[in-house]
Structure formats: C-alpha cells, structure tokens
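Dropping the structures in below, format is structure tokens.
What follows is chain A paired twice: with chain B in the first complex and chain C in the second.
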Partner chain A sequence: MSEAEKTTGIVQEENEKEQISQSYWALVWWKFKKNRTAVVGGVMLAVFYIVCVFFAEFFAPYSKKLESEFIEAHPTGLHWRDEEGNFSLRPFVYGLEKKVDTATRKRTFEIDTTKKYPIYFFVKGEEVKILGFIPTRIHLFGTDPDDPDARIFIMGTDKLGRDLFSRILYGGRISMFIGLFSVVVFLGIGVSLGAISGYYGGATDVVIMRITEFLSAFPQEPLFLALGAAVPITWPSAQVFFMVTILLAIVQWGGLARQVRGLVLAGREEQYVLAAQSFGASDRRIISKHLIPATMSHVIVIATLKIPGMILLETALSYFGLGLVPPTVSWGTLLQDANNIRAIRFAPHLLFTVPFILLAILSYNMLGDGLRDAMDPYSK
Partner chain B sequence: MKTKRILLTVFALLLVGSLLFVACKPKPEEEVTVEEVEVVEEEDDAGAIAAEEATPVPVELETSEYGEAPMLAEMVDAGDLPPVDERLPIADDIMVVSGVDGIGEYGGVWHGVTWWQGYGNIEMGIYDPPVRWKRDYTGYEPGLLKEWIVSEDGMTLTWIFRQGLKWSDGTPFSTTEDMGYWWELATNEDFKIVTIPWWGRDSDGAPMEVSFPNDYTMVMEFGEPHYIATYVVAQGFWEWLPMERPKHFLSPHDPAYNADATYEDLEAVVYGGDWLGNIEGYPCLHAWCPTSVTPGERTVWTRNPYYWKVDAEGNQLPYIDVVDVRLIGDSEVRLLEASQGKFEATFRATDNPNHIPFLLEQAEAGDYYIHDGAVNGAGGWPGWLINMNFADAETYPDTWEEIRDLLQNEKFRQGISHALDRQRLIDVAWDGIGYPTNATISPQAWHFASPEGQAVYEAWRDAYIEFDPDLAMANFDGIGFVDADGDGFRDLPSGEPFTLVLDLGDWGGQDVPVPSTEVYAGNLEAVGIKVLINDLMGQPDWDLRQNLGLYMLRNMHASELDIWTYPDWMFPLRNNRAWPLEGRYRETGGEEGWEPMPGTTYAYELQELYDLGLATADIDARHQIVWDAIQIHIDHGPFMIGGSGDQPMPVVVRNGFMGIPDLVILGPWAPGSPGNLNPEQFWMQEDLRLESLGQ
Partner chain C sequence: MLSFLVRRIFYAIIMLVVVSFVSFIIITLPPGDFMTQKIAELQARGDKSAELRIDEYRERYGLDQPLMTQYWLWASNFIKGDFGLSFEYDQPVATLLKQRFPLSVTLALATTAFTWALAIPIGVFSAVKQYSLGDQIATTISFLGIGIPPFLLALVVLYVAVVKLDQDVVGLFSREFVDASWSLAKVWDLLKHLWVPALIGAITGTAGTIRIMRGNLLDTLGQPFIEAARARGLKNRTVIWRHAVRMAINPLIVILGTETFPGILAGNILVEVVLSLPTMGPLYIEALLTQDMYMAGTVLVFLVMMLLIGSVLADIALAWVDPRIRLE
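Coming up: the complex of A and B.
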C-alpha cells in the first residue's frame, strides 16, 4: 500500500471495482448501451422485424393481394373533426368517390365528406396466417369489415387498387429477410474460405485469393444480369427468392474472405494456436474453435454493415427487373410501379416505399456503427 | 464520437422531416371541371368511314407558274439545279395537293423522334406509294401512279406511272429500268432480301408475270383474279418501300452488274424495306430523302428537289425543308421531350393515351396543343391472340396435342372470354375510360359504314363479352377441363396438370399490356386456370413464338380499316396471328406449316372466303364476304380475345404548325398515317419556323 492510499482510501475502492472481472461481451454490451444512436437503430430494426418480417399479417390492414376498385387512390387522411366541427375521439376516414373527367381524360378519387368510416382497432378482416401457420382474422386497425365501401388506405393504393401500406409491410418482409439471409450465406462462404486460405496458405491461399480478385474485378451488374437470366421463369417465386439471396452472397463474399484471411494469418502465429497444435488438435478444430472465434468481433461488424448493402442491392436489382419479379412483393418490385412520369406526377404516394427503405438502411448503419465502437471496448 | 452522434441525430431528424413532407398529401393544384361522375360508355356511333373505292380528287391548278422553296431557288440561281419546270413531271401528270390550312410558307426543320432502328414510325410519315390512302380515309387515290387499270376478269393489272418522275438525284424514273430492276431482284434466287410480294402470288403460290410495255407502265398478269392487289401497295410503308429500287444507285453494288461486288454489298444498300431511314444518299421519290444517317442516333431527311407534287397555286411541295429525327429508346424520355415542345408535331412519339393528362398539363409551357381528332382506331386494345395452331412439342412432349385441342375448342375460348372482367381491365389499364369489346378490326373500318355493316360490327363487338365466371366454369366443366388432382387448378382432360402461358410483349405499347395481363391472369386464376405470365418484352422470342406456333395466348392490339389489304386479322394467310402454321402453309404454297382442313380450325373456311373476295370485283359483294367471315369469327370464335376498344391518341402539335386535318387514325398502320395526311403540305408559321432553325 502506498502512502497516498493510506491517506485517502479512495484508490483502494477503485482498485476493488477494477477487480470485478468483466467478460469481453459484457464490456461490449456495456459500451453499446451507452451509444444512444446505436440503441435507437437497434430498436428501430426490432420494430421493422416485428412489424414486417414476423407479423405483417397482423399489422397490415389488408392482404397483399386484395384488389379494390380504388386505383391509384391518394392516401386517405385520418380525421378527428368532421366538416361540421364535431369532434370524435375515434378517428375516421372519409369515403372516396370516383370522378372521371373525359375532357382531360383524368380519373381521380375525391373525398366524399358525406361518408364517414370510423377506424377500429383489432378489427376482424380477411383471414390470414401469421408466420404461415397461425390463422387469424384480427388486424391491428381497419374500418368496419362488414361494410364493403369502408376502406382505409393510409398510404394510398397502387395501379391494381391494392393497399400500398399493406404491401410495403409485406415487401419489407422479403427485403429485410433477403438482406439477413444473404448475409448469413455470405458469412458462411466468406469466413470459411477466408479462414482456410489464411490458415493453410500456399497453393490453397493463392487459388482462393485469385477467385476473390476475379469476383471483385468483375462488374457486378452484368454478372447479375447473366445469373438472373439463368433462373428459369417457370420457377415458383419462393425458389427465385432463394436463388436471388444466394446470388447476392456469391458475388459479394470475396471482400470478407480477404479480411478474415488477414486476421487468421495473424492469429495462426499466436501461442494459443501453437499450443493447440502441440496438443494434437486437428486443423478443423483449430480453425473452428480458435481462429474463427477470434475474428468474430470483426465479422459481426462487417455483417451488420453488409446487410443494408444487400437490401439496397436487392431493391435495385428488383427495380430493374433482374431480381425478384411480381407477383413477389419486395421494396424493389414496389418501386417499379413508381418508375414513370405518370406515376410520379399523378400518384406520388407510390414513393412511400422510399422512406421505409431509408429508415431500414439508416437503422442498420446506426446499429453497425455502434457495434463497431462497442466491439473494441478498450478504446476511448 | 460525440460529433458523429450529433451528425447522425441531425441526419435522422432530416429523414423524419422528409418523411413527414412526403406524408403530407399533395394539394390538388387546380380544380378541373368534372363533367361526368360516371363514365358513360356509349358507342352509338362507332364512326365508321363511308369509304369509296379509288376516286382521284381532281384539284385544278390556279396558275401555270411553278413556285419553289427559297433554298432550291438559290441552287437554281447558282446553276446547281435545273429550273423547277424541268424538275417536275409533265404538266398533266403533276399531282396537285390542296392545303388543309391553305397555301403554306416554305422552310423550317421538322424534328421528330423514333424508338426504332428501322425508323418505321417516320417512314409512315414520308409515305409515297403508287396508290395511297386518301387524306380523309374514305378510300384510295393515285399517288405515284396516274391511273391503274384492272382488267374485267381481274387477272391483269396495269399501272401507269406519272410521266417525267425523277429520283431525288435527278435521274429519270423509268419502269423498264427501275421497276424492272426491282423485279430482277425479287426473282433472283441468290438474293433473298428482296422477294416477290405476298400479294403477287396466286393461291397456289404461283407468282405473277411482270412486263413493261413502255417506260412508265408496268403490267402484272395473274392466273386468278386479283382485284385487290393494287390497294395492298397503299398500305403502310412496308409494301411499297421494298419495291422502290433505283437501278442506277443499286446496280453498282450488284454482282450481276459489277463483278467486284458481292451480295453482302448489295444487301447493305438494299437494307430490306427500311432503307428510307438508314441508307444515306439513297435516291427516293418521296418529299424528303435520307441525306444524313448516324446509325443508332439520328437520321436527317432533306427535301427532294424533284418532288412531283405542287399546291393549289403551283408551289412545289414540300413546304418544310428538313426532317430531323433522333432515336430515343426510353418512352419516358420521349414523353418528357414531347412535353417540352421539342417536336414540332409528333404522331407517334408517345403512343399511350394515359399520357394525355400529363401532356395537357404541360401544353402551355411546351407551347403545344393535343390534336383533338386523333384516335387510335383500335378494335381491341388490349387484346389477346389465341393460338389455333399450338405446336410446342419440345416443351410439352406428352401433352402438346391435348393443349392444342383445348385451345382449338370453342367452348374453352368462349370460356376464357367470359372469364375476363373487362370493366376492371378498363379501370386498371385505361384510368376507367373506355368501353368493353371483343377483338374486332377498327370500328371505323369501311366494311362497317352501312347500317348492315354496323350491325355486323356490333354483333362482333359484343360477342362473349359479359363477365360471367360461372358460365366460363360451366364451359370448362362441360369439356372435361376440370381439376383432376385437387390442387385447385384445372387439368387437361387426361389428368395432366396444365399451365396457361400468357406471352407478354410490347405490342400495344409498353405500359398497357403489363397491367392488363396482370388483370387477365387474376381473372383466369379465379376460374381455376393456372397461369404463367411469360415476360418477353424486347426479346426476339416474342415474335418467334408466334411465327412458330409456340405461344398459347399473347397480348396484342387489333385495328384495321380495310381487311382486304391487311387480311391477317381475319384470314390465315401468313405465319402470324391466330393461325401461324396454317397461314404458313398458304404462304409457302404447302411446303411448310399445317394443311388447313375443313371443319377444324376454320382456317380452311376463312381462306376460301378470302379467295372469293380476291375474285370479287364488286365492292359491296366484298363487304358481304367480310361479314360472312366475321360470322365465322362470332360463331366459332373468339380466335382473339378483346378487352377494351378505341382510345384518343396524344398527337402533340406545336402552336403554329399547320396542315393537320381533323381526323387522324393512328392505331392501324396500314393507312400509313400520318403519311396519308399529305405531310408535304404541313408548314410552320414564322415564329415556329425560326425556332425550329434554332434562331
């Protein structure tokens, strides 16, 4: 005990605190929690996954297929106070009336203030299956299901009269899931090949690294074009979806493999690897139990930052008709509807998909950024 | 770290802000007077044109002094060009064209646009066949010909060209030389690019015999009556252009005349029928000839100094100096450019009626108007052809015969017609504006001009158009087209699963077929038919699958004013439309395709009627034959499913562009609009003219 400690006793207390052993992951979590932006990103993502990926059937007022007679109708605003100034706590929407002007050859859906349709929560609408197997008729919100004229389109409808909000939720399911899933495949290929390459070196290393260089040198769009054209049109949409995810991963894994290779290259010279080798551990065990876990913090960050890229890539590909195609609903296929002057001028609400994409991407980036800081908990 | 957090927060705030901004509903800028609450689909007057057969309109010339364009007068003064009197044909044979908006002013550049390497839509405007559609669509009149004579038995056609016609480089046109050279090319077995035209053969495939009694006459002799053949040459650009062959220009590239040349060289200048848009310096007989070609970008046509038409005061036509056309593949870019007034007058830059509201909004800013009288003339837009000759044995080795029989079964075809919800289709594809119809030729067709003809049209239009899924399903059940394996979709009578493939292409525009095919697919699934949409937009397979009889249903746009000159919609004569293989049989004289048999696909019966029509001199009797053929289409059809009918067309015309007649029909290509409107008498007022010159 030093002099200073004897007199104050404060340092003693701090020392005691430091001695509480914290695991690496606990430190990461502790640091992550302190980063508000990252937490907000994480929470937003959780909301996205709950609302779109898992329970779109419940949150969407209509199914993605329901075709109404209201075609390219603008969003129906929520009201609490009607024309006469009566206030009701329960919000309502006005009815829509079709108007056709043969002189300007224009059709619009005007708000008809004589018809009011109150909005209810937990209404019984169309029967849907949550997660594909839980049948329910309950939707989060909606109008009176017994009145066929009562409709609520909070983000308007598309060219076939389908509720855009519902379709964005369903589209989000595909787009968010495709991002996640293709990153899993991407990690699988990238990490294992990177680790093998780094661990064995020599000819294996050369071959794998040349493949990654070839892939990264290859312009992506023509590659997708070719691979996309190879998918037979008779394939069901689920299969095409699966194919597209794999395509995304196959084209992208090279960069990750290089990074993992670098880390493994450094890691294999560490003493704990030497120790494992002297104990006679197999290569497979050394790679999977020692080397790959050591790269995990790095890999998780890359993965998190990769997902939004994958989502955007899928969106872009589908927008150009190279990825998913209707009737599969994804954010990319939804945006196809808004790719012409007519839609932008007369049905701008079709662009509502954009803020959803922006928010999802931003959330991932916020989360990924936070994770990157948190994964290195010892830095200031 | 802290700065980053602030930055991110700011970004997030901005984003939420922009979200709110988008969420705010845009306010309607201006209340448009809404004339009707519900669209009234009344088609009291289908507006058929009372057409007469071939009557020339004599227009008397008011003076004997010929005027000419300033740009040509300068060349004459400089001694580069002979005087106008020497450039025109002999005085009696000059064609006088009356101006829609009076006597015009010379000069200006007419800017246009195409999406098509062949420049077909522009060739439509630079249209000068031997016989031409009249400006008002009421029949035919002489063009390059002064007159034509059909012998009493209909087996000899005599074309008498205007005397003193000259190619645009000044070389005299002569039938012995130039038409003779065409016939030489057409009958040259080693050169397949120019062929004997389809109308130049008898029903057994034997070609006509061609002779030239003098240098302005051509005589064609057949073994069967061909009362209609001359009118065929008036159709669109594709019938006459392959015949317009200046010998002095082409023969230096022809191995028969020049030992150093090869057929590849010849092919490069002959350029199929699309030389008018693609071969720089090709001498022509039209108002403007191609003078500058930048492949894939732009073609410029300059006035033909030897053009053979004058206005009522004797001023040599055309009025406009130059036609300058850019190739723009993207329809949205074309629409934007049209909305900015970049084209002085455009008849086909945007062919989608759904663009009219946008174009109307921009009219003031773009200094243009939308021409009121422009219609499409569609008898089915969108519609779907049904393949009566399904022959895809490769994809369906075990079931193709069953599929063929199903498609040939009229109960099936009537069923899928009743399955289509046409009102829904109109709502989706046409903003709710349109009327339901089965597929017909144009309501304006001259066969429908009489009250009797009108009744025939209406019966055809209304056949099998009620939306009745129950009836459709009863039809299917009745022919054993039922769900055998319990998967919810109907199977072939043998129990094999069946998927109906809807081929999707850009016929009828790029924007209309997609949503309408989606609607139809939904309707068909609702009556238990499994459907696959086969997107073939812009792919060679689109036409190939038709020509080889591999498609099941394919989208189309149906219209025609005179079925005799473009018979394919109703009569199987070539390898297209609903009877590709039986048409092929006819086209090849029985060498390829399927032989039509009586009482099967009705190709046999329809071909019989067509031959009867060819041999019928009387025009009313020919209309009667058309009605008989339509009766087959009603009783045993539909061979093509119609959705919705005619639509207005967005013809964008700059203020100050003159000479466009009221009625413009753009759907059927055969009348050659805007070529038949006499574009040589289009002219521009001074402001526009100067703007077009970039001044």
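Coming up: the complex of A and C.
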C-alpha cells in the first residue's frame, strides 16, 4: 500500500467516524451549547431545581413552619462592613429591636446596629428531613446555634414571624413542581388526542377538533380562575394541588393537540408508516413508536415554553385566593400576604417573592427559545 | 360575502350557546354557593316575608327544577338583559355591570392603543434597520417583555408608587370624582389615572406584537413589488409606510379582533384586581370567591362574547383592508 492510499484511508475513516457520531440529538446538543443565553437559562433552572425542589431543607436556614417572635421584621441584610467601618471577611447580620410606633400603635422591628451576629456555614439548626425522608440538622448557613438571640432573616419575616427566605425556597418547590407536573399532564392529553385526531381522521378528528375550538372560545385566565373557584374549599391541600395541576393542563391542551395533529397528518403519509403498516403493526404501535417520536422535537419546545405560563397561572390563582391555600407554601400563597396596600406600605419585603418568580420564568423562556433554535439543527 | 357573514355569525351563536351552558355548569358546580347561603339565612328568619322571598327566588331561577331548566331560565332572561341577581350586593347584575363594563372596555381600548402605538413603530424600525444596535435593543426588550406577567408588574408598580414615590395609583378616579356625574373634569381625571394600568397591560402585548410586525415586514420588504416601487423612484418613506407596512399589518388586524382586544380585556382582570380599579376584574374575582354565581357567570359569558364578536369583526375588517381576500 502506497503512502497516498494510506492517508486517504485514514481520512475516510475519520470522515466515517464523524458522520456516525453526528446523530440528530448530537447536532441539537452541539447547536444548543453555542447559544449562550439558552445555556445560562438552563443552568439557572438547574440551580432552581437543586436549591428549591430537591434540597430546600438544606439551603433554607429555617423550616417553613418555624415561627419567631419577630413579626413582619424587615430584612436584616448581609453586611461585611459595620458602622465603624471595620471590615470582616465573614459576613454578619444586625440584630432586631422591638419598637412601638406611638402614632399607629404598631409594633415594628427595626435593625439594631449595636448587635452583630456573624454568619457561619454548615451550621447545626432545626432538624429537617430532606425530601421528606433524609433527616439532617445541617443547614447551608445560619447564625451561631448556641446564641439564642442570633437570628438571620435576610429577606425579613411574614405576619407570623416566619423567615421569608426559607419560605420562598419551600414555595419554589411547589410552584416549580406544579409547572413541571402540569406540563406532563398537558403533554399526555395534548399529544395523545392530537395524534389520534391526526391518524384516524374522520369523525374522531372532527369531534376532537371541535373540542379544541370550543376551549379556545374561552378566555384562558378567567376560565382557569372559574375552574379554580369550582374546586371545593373543604378539600385537603394535596387534593387541591392535584386538581390545580390537572386544571392547568385541561385549559391549555387544545393548542398542542392542533399542532401535533398537523404533524401526524403529514407523518401519516410517509413511507415508513406504510412500511410499518405492511408489516402488520397495530395502530397503537404506529402512533406510539413511529408518529409521536417524530413530533418530539416540536413538542419539547412547546412544553418548555408552556411551563412558565403554568407557573404564573398557579401563582395568580393562589394569589387571588382561588387555588392553593395556606398552610401549603407556594409562590402564589406567599404573595397572598402582600395583596393589600397596607402590607405593601409596611412590609414591602413580602414582595421578595416576585424577583424569584420572574427569574424562574425568564430562565424557562431563555431555555425554550434556545431549544427552539437548536431543535432545527440543519438551519443556519 | 353575505352568505359568509351569515354562516360566521350563526356559528358564533352556536358557540356562544355551548360556552354559556358550560359556564353555567362550572359556576353552579361548587356546593355552598351564595344563593344556598342566602336561602338558609332567610329560612332562619322564618317570617312571612322571608318565605315569600324564597318562593320568589325558587320560581325565578327554577331552583327545584332540573339543571337544563335552570339553564334555560337563565339564558332566556340573559337575552332579555336580565342577568340575575348578585346576592352579595343584593342588586341586579345588570346594574352593577352597567357601571363597570364600560370602564373595562375603555381600559382595554387604551391598552390596545398603547400596544399598537408602541409596537408598530418599534417593529417597523427593527425591520428596516435589521441587525442594527437599535434592532438588537428592541429585540432584547421585547424578549424580556414577553416573560413579564402584567399582574406581577402591577404589584411592582404599586410598590414603587406607594413606597418609593408616595403616590396614589389605586383606582381610576381621584376621591372627589368617584361619585361625581360625568363631566369634562372627570374624563380628564380618568385619563390621568388610566395610563398606568393601560401601560402595564400593554407590556406583554407590545413585546409580542413587535416580533410579529418585524417578521412580517421583513418578509414583505423582500418581495418584488417593493423593488418595483423603489424602481419607480418613490421616496423610501412612501415605500415603507404606504406599500410595505400596509401589507405587513394584515396579520395584526386578524389578531386584533381574535386575540389582542379580547385577550387584553380578559388579561387585564388580574391587573385590575391588584390596582383595585372600579372595573369588571375585581367584581369577577370577588364573585368567584363568594360563589356569587350569576355575577361570575355573566362576566364569563360577556368575555366570551367579546372574543366571538372580535373574531367576526376581524374577518370583516381583513376583507375590507385586503381586497385580495375572498370570503367564500
């Protein structure tokens, strides 16, 4: 074998290798990686899920129930430099001091700059169970556990003296989970009905499409609010939670079903479906193994972009008192405390929930938008 | 055209009947609604006039009748303009809505006006100066704007106004005008309050509309007739506004009727509650919370009606604006 032949052989081999490794999903991943906004969105979501959904117990300094005597205390903040200008690498919080406003006869808690409590990491505190079954006393950060006066409320407390930051993390668990869970239900209904409608056509198609048209005749938010109000208030919180997630899916599946129907309608005419049919594959097999997977890239994008809307609807529903109710902690029920002018004037820190919600929604939108571009890797 | 319209309207009416029936079921679904409470209250009083009232309700709303009959009574009264009684306010729903519905529509119109006034120029600019710095800024802002929910924005605005600026943004009228009869001064006062909620409601819509306008105009600008117009030596401004924008705006007219206006009317409900405006929103939420069923049902059907009327109007408007469209 001559030198030249050897080289071409190697080159060919390399080419083949490259071609083998470039599967559709590899291309998608490759394109996705290059989109910085989308990656940032994905990373932020990963942080949200780790901090809120999985390990809220560890990251929150207190449990969601612990009530302190500090009612609606303002945020203690984090400081590195004290009043005299002394700098310490270890951040600290100031203590809280009870004051009575003589004009309004209201107790308020003001920051007392004479008392300083340094912050420690991996402190021993309240015993909590991570994900409900791994017991631990270790929290990511907190004040000296041996000092009973030391407290850390970096985002203030609510009307029962509970630490707002901890509650926002626990609330994120429910809100983020509702978003994810209702999207699963939404996909289940939308994809299966859309695929059936597109594959069978005829009367089935007409009925399903009429239902989606009927759903789109309703304005979404008011319909969802009305359905939320129809959930009996006497139900236990877990049941209400499942009802809300299912309602979210029921209100919204129409649009997805229409899109899947369109894709299946086109896919039905493809030769691989004909091939499968001639092998005697059942309808169920053709739909679930051939047609639905072909719509997946489309469906994943729709689902990702749908989640923020789901989170927001739940927040709105609970905020207006029609969805989840305390003691369930979600971002919506947390905002309920801030639904009047008095609360906003005297305890504006209760609105700290808002930036968390906005950040979660923004992350989903960034990720979804990047996925939309990446799912079509052959386009420029 | 006429046969299309007749068919379109006929279809809308059927839809309205089905939707109103489902609304009725949703609203009557939960146990312990206001009417049951009211009747229990009257029964507890037990005197002659209370029993007369119970009988009156029973007959008027067909309470001991099957669901279909109840719906039929409600629907036939609805057409006559009698929407039932709000048990919470002890007033006819029609009276309460008469004050609030026009204000809701005014707010929605103002929001729509803001949306278009902001989105069309920005969208046109973005398309004409594609990939310029201005386009990129507009794209980023609209990208962020789509994600901002109006009711959370309303909360933030409330916070800034109350805590930082010590301003009053709640309501649509200053105190001295709340009960005053309509006058020029009151209209002026309304306008001074209206822009805040209108702007809040316009954020999401504006962001989306910029994207649509930009995309459409980019498509249109690439077409031969634009080149022909330029070749005839027309001024750039004439080419863009008279030729390109006129074409590119058609999809916006469709969504104005089917999505924008009805969507804003429905979406503003949440903003209206946060800012406690004297509009339909707070009435609706309150009615849902207290199970004041005739009130809630009426508002829901009104919103659906706006959506259906909007889509019919959108079709007509499109046929009028774009002579190429044949409605067959």
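Note that in this section the second predicted complex is superposed on the first by the 341 of 380 C-alpha atoms of A that agree within 3 Å, B and C clash if a C-alpha of one lies under 4 Å from a C-alpha of the other, contacts with A are read in each partner's own complex, and residues count from 1 in each chain.
Just so we're on the same page, a residue touches a chain if its C-beta (ideal position, glycine included) is under 8 Å from a C-beta of that chain, and two chains touch if they have at least 3 such contacts.
The structure displayed is predicted, hence computed values, not measured ones.
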Which of chain B and chain C A:K159 touches, first, second, both or neither: first
Touched partner set for A:A203, first chain B, second chain C, both or neither: neither
Contacts of A:I341 with chain B and chain C, given as first, second, both or neither: both
Which of chain B and chain C A:R107 touches, first, second, both or neither: first
Touched partner set for A:A238, first chain B, second chain C, both or neither: neither
First (chain B), second (chain C), both or neither touched by A:L89: neither
Those residues of chain A which chain B touches in one complex and chain C touches in the other: 341, 345, 348, 351, 354, 358, 362, 369
Complex contacts: residues of chain A adjacent to chain C: 213-214, 217-223, 225-232, 308, 312, 315-316, 319-322, 335, 338-339, 341, 344-345, 348, 351, 354, 357-358, 361-362, 365, 369
Chain B partner contacts - residues on chain A that touch it in the complex: 35-37, 40, 67, 69, 71, 74-75, 77, 97-108, 159-161, 233-234, 325-326, 340-342, 345-346, 348-349, 351-352, 354-355, 358-359, 362, 366, 369, 373
Touch list for chain B against partner chain A, complex: 1, 4-5, 8-9, 11-12, 15, 18-19, 22-23, 25-26, 28, 32-39, 332, 335-336, 353-358, 360-361, 427-428, 431-433, 499, 511, 515, 518-519, 522, 532, 534-535, 648
For the chain C and chain A complex, residues of the former touching the latter: 15, 18-19, 22-23, 26-27, 29-32, 143-144, 146-149, 151-152, 155-156, 158-159, 162-163, 170, 262-263, 265-267, 269-270, 273-274, 284-285, 288-289, 291, 296, 299-300, 303-304, 307-308
